[in-house]
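Pasting the structures here.
First chain A sits with chain B, and in the next complex the same chain sits with chain C.
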Partner chain A sequence: MSARRPHRAAPLLWLAPALAFLALFFVAPLGGNLLRSLTEGQAQDDAAFYYAKLLTDEYYLSVMWETIRVSLITTLICLAVGYPVALFLVRHAGRWHGVLLFLLVAPLLTSIIMRTFGWRVLLARRGLLSNTLLDLGLIARPLDLLNDPVSVFVGLVHVLVPFMVLSIAAVLQGIDRRLEESARVLGASRLRAFLSVTLPLSVEGMATGAILVFMLTNGSFVTMLLLGGGKVVTMPLLIYQQFTMTQDLAFASAMGNVLLLAALACLALQVGMLRRRGMA
Partner chain B sequence: MRAGSEMTGPVALTLAGISKRFGATLALRPLELEVPAGRILALLGPSGCGKTTTLRVIAGFEVPDSGAVLLGGRDVTELPPNRRGLGMVFQNYSLFPHMSVAENVAFGLRMRRLPRAERDARVQEMLEVVRLPGYGDRYAHQLSGGQQQRVALARALITRPAVLLLDEPLGALDKALREGMQFELRELQRRFGITTILVTHDQEEALTMSDSIAVMSAGEVVQTGTPREVYERPRTRFVAEFLGTANVFAATVTGAAPGGWAVRLDGADAAAALATPEPPQPGRRILFAVRPERLRIQPAGAGIPATVRDAVFRGSYLVHELAVPGLAAPVFVYGQAGAADAPPGAAVGLAWRAEDAVPLADPP
Partner chain C sequence: MRRRRPDPVAIALGAFVLLFAVFILAPIVIVVVASFSAENFIAFPITRTSFRWYWRIVEYRPFLDSLITSVELAFASAAIGAAIAVPAALALGRARGPVVTPVTTFLLAPISIPAVVLGFALLYFLSALAFGVSFRSLLVAHSVVAIPYVFRTVLSVYRALPASLEESAAILGAGRWQVLWFVTLPLVRPGLFAGCLFAVLISLDNLPLSFFFGTAQTNTLPVVVLSYMQNQFDPSIAAISTVQMAIAVAVLLVTERMYGLRRLNAL
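What follows is the complex of A and B.
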């Protein structure tokens, strides 16, 4: 036992640069944030002032609920859109696998601002989509998608669906096709075989994708800002406003911490669910 | 046949002129195969010979380009796998990792919508048949290879399938376990009287377990027969050498001999005889094979002159490696252990009974 001790220190040494980086740029700012939210502004007299305001004021509670609702809907859409794509990618793409993979990741190569403005051009009242539909005579009046929550979901799903697809595809890749074939021989139709074998075995991939998409939606605000037309107000957007317009840094910090806590709670919930299913 | 119905008795399986092409490669040339009801046939051949494709055609995973698959005389060529009422055991067992042993075994019955009580009773019964009572709640990853194999077998047999397909079923087991399982599988197959196709590249497995063997090569069945027939009367060099060890000699037919032909060995310039019902054609050049255990070593001067190169003790038998002049390949002779071995370098004579020499169809 003691002879093995020296080897144990080595892996920690390799982690040191990463740990130092995280401590300096992640843990320290988080600590600062926490301190600011408890001691500055109106919290100078009452440390819990901002937190009490956040958790009791109806407006802020509704924003928090809206944040979770938007994240949930985005996650579900990504799951519904992403699963078939992942299945196709793994099972049927063949030599097109690489090309499809590139097309899938391509949106992530553009900056988020450019991508979002791209959607604005497409979805605007006098934008490409609306004009084309008008020209084709499919609609009578210009569509105002840009000031509709729909455009927020379009923008979010567009950029987040690759995370879902890649998470699911990675798990599907590892599922032996002979499992489904066994089910077929035992009397399961194609659909039954998929539902009773492949789908349950890919739960882990769906969960990973769902956690990723949920957390990323939770924290995004550019899409809501540029595509929501002020109709979709979530926590990050509120924080952004507190920071730039109201300049109430302490309140913004408190909101950030609550958002972080909510995200962590959701993560714990999902991991707990996986554990119960014996998947993690 | 709906998935819900069960076959009443064993049925014969017939492949009539099955061919299959994958792109430019012809995986199966028109292939004929017949397994009588309740019998077990081994498809034996090296990898890539088409035996797995044949199995997949029978299972319904591949649709042949031509020909028909008949189950008890019924054409099932166009039926999907789930409507054929078959059982199959895959090489890696393919147990569902997210289901317990009992759920795995019950799967086929669940697909047939059997009432729960009957399902549970039959699962218990089946687990006892494969000697795994009380293992129902475990998961595949908690079982040994041999146990997983038995669960896979139970899962395949519980639906009382018309035909059982075994794809290299013992390939993943270690040698000691494999031999035990060979007999166990054979015993179960007999007990259920189930028509079975066993795909294997292991000649010993094929010999031990089957009523008949079909040797495949390059998408064709090159010989079919009982294990004994195929082993003792191989038709080609490929069959002779794939199923066991064979010494192959080149010779010229010189005339008739009792029960066959008299031949003159190329190179060695020695006379020999071999058994065949065909009339001799003097002057014809042929190849023939003799199994190592059918060769006899005699004192020098008798039979075909040869030199001992090596003698190896293999436990239950002795191997002599001989050099025969004019023959590039060494000749192997298996003798009973305990018999006196000829020392390396000794000059000896090589002999066999005419009926143990088999002419091969290959051109010399």
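What follows is the complex of A and C.
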């Protein structure tokens, strides 16, 4: 008799429905997209036409750069805002732990329409923030934050920062506090102990959160559409516009594939991180 | 007893978190308050309150119809996602070998693909299959996204379970299906419900995915509100948003009550 194997609830065959479903409705459509971008429209004569256009036309290059820039800035802001919150959640929250968790889930319970609507009311020229600051005499003229890139970042950070906080908190939770205490006992200042012990140990949480936020920003367009006032044009927004206005399907497919490539790169990074954690 | 000195770092962090709380809650609270306005426009402070904009939801058919479509779609796609993802998670949970990681990554991939790309690609694929723009197409699209959410949580719960529970049942004479039904499935239930919860919440607000499949007959709420918002900017948007949030909160609370998500560490 063979050696005892751990009990298995299901044979590998049970993977079949999931694999079949995703092969049909996930892989095949994306493959169709690739094919369309290489064979239809102006690509009929020159398969690389649309990709050449994306990589040589100054406008499209600037849109791609803008996409990366917006994602990077959003990620950095989320890091800066999220780290202190995660630290408080793990170390100091005490009885406020539940309340803080609720705060982090709250944006996910609201629709994207609700959040952008709220920001529009708050940030408009005659909005709540501008009027309050005027009344307090802190500013002389109304602020027009709406339709300014600032409001796009506000909207993106608002919904994405919880992912960062939870990623960092998960790692902070596992750090042995005695390590930081040992550093303190050995004479390190509080800041020094944090900077050279806790912070490096939590890099993994920051990286996980950063990849997640970067990836999610890369794919979002509704915030740019409703808060950007046409000033922040990224790839997903351009695809949306291609679809609704110009209807150049083959070109939209090509843009989608570029975006897809970026997403796959992030996914590969993520998998690499998970594997490293698994081995550590 | 010596009183502990207040910790300046904790106080500074606390103050920061307080600001953070204002930042998170402000746009949400504003919309809820605006939904009770009696005016035709949005102005603060609210001077008169009324429920007229909630009545507008009932009167303006597209809002109510699309709300119903959205809720049906969210639950149906979560159910399909669960039916497909749970067997897969159970099959992979204790499997070993070189295929495990690639297959797991593949089943999680739909989360990472931008919804705009997926929606666009599926639209033309399903049109070629003569599904066209219909509720069926929406259901397929949302199920693709629901699968990884359920798969992820069920897999992590199942992997954390000791195999000995199922083995004991088998040794005591339970058959394969009995073990599955009476031992494995009840044990992974928190993961199943957490995954379905995520799937429902994501589906309710998946504007980029739904956007491509809307017709006059079947449209999801976010798509309808988006087009409404581009023409009008009145408090009915606030009212319908508040209703949608109330539904999401209710789903969260019911799931929490019944299946104790707090016990689940995998968020």
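We take it that the second predicted complex is superposed on the first by the 242 of 280 C-alpha atoms of A that agree within 3 Å, B and C clash if a C-alpha of one lies under 4 Å from a C-alpha of the other, contacts with A are read in each partner's own complex, and residues count from 1 in each chain.
Everything below uses one rule, namely that contacts are C-beta pairs under 8 Å (C-beta built on N, C-alpha and C of every residue); 3 or more make two chains touch, one makes a residue touch a chain.
Nothing here was measured: the structure is a model prediction, and the numbers come from that model.
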Partner chain in contact with A:84 - chain B first, chain C second, else both or neither: second
Touched partner set for A:119, first chain B, second chain C, both or neither: second
First, second, both or neither for A:185, with chain B first and chain C second: first
Which of chain B and chain C A:18 touches, first, second, both or neither: second
Broader residue contact with chain A after superposition on the shared chain, chain B or chain C: C
Chain B versus chain C as contact partner of A:272, first or second or both or neither: neither
Partner chain(s) touched by A:176 [first = chain B, second = chain C, both, neither]: first
Those residues of chain A which chain B touches in one complex and chain C touches in the other: 190
Partner chain B, residues of chain A touching it in the complex: 176, 178-179, 181-190, 192-193, 196-197, 200-201
Chain C partner contacts - residues on chain A that touch it in the complex: 6-15, 17-19, 21-22, 25-26, 28-30, 32-33, 36, 81, 84-85, 87-88, 91-92, 100, 103-115, 117-122, 128, 131, 158, 166, 190, 215, 218-222, 226, 236, 239-240, 243, 249, 252-253, 256-257, 259-260, 263-264, 266-267, 270-271, 275
Chain B to chain A touching residues, read off their complex: 3, 59-61, 80-82, 84-88, 90, 92, 94, 96-98, 107-108, 111-112, 155-156, 159, 165
Parts of chain C lying in touch with chain A, wherever the complex brings them together: 7, 9-10, 13-14, 16-17, 20-21, 23-31, 34, 42, 44, 83-85, 87-88, 90-95, 101, 103, 105-107, 109-110, 112-118, 120-122, 124-126, 128, 140-141, 143-144, 147, 151, 158, 163, 166-167, 170, 179-180, 184, 201, 204-205, 207-208, 211-212, 221-222, 225-226, 229, 233, 237-238, 241-242, 244-245, 248-249, 252, 267
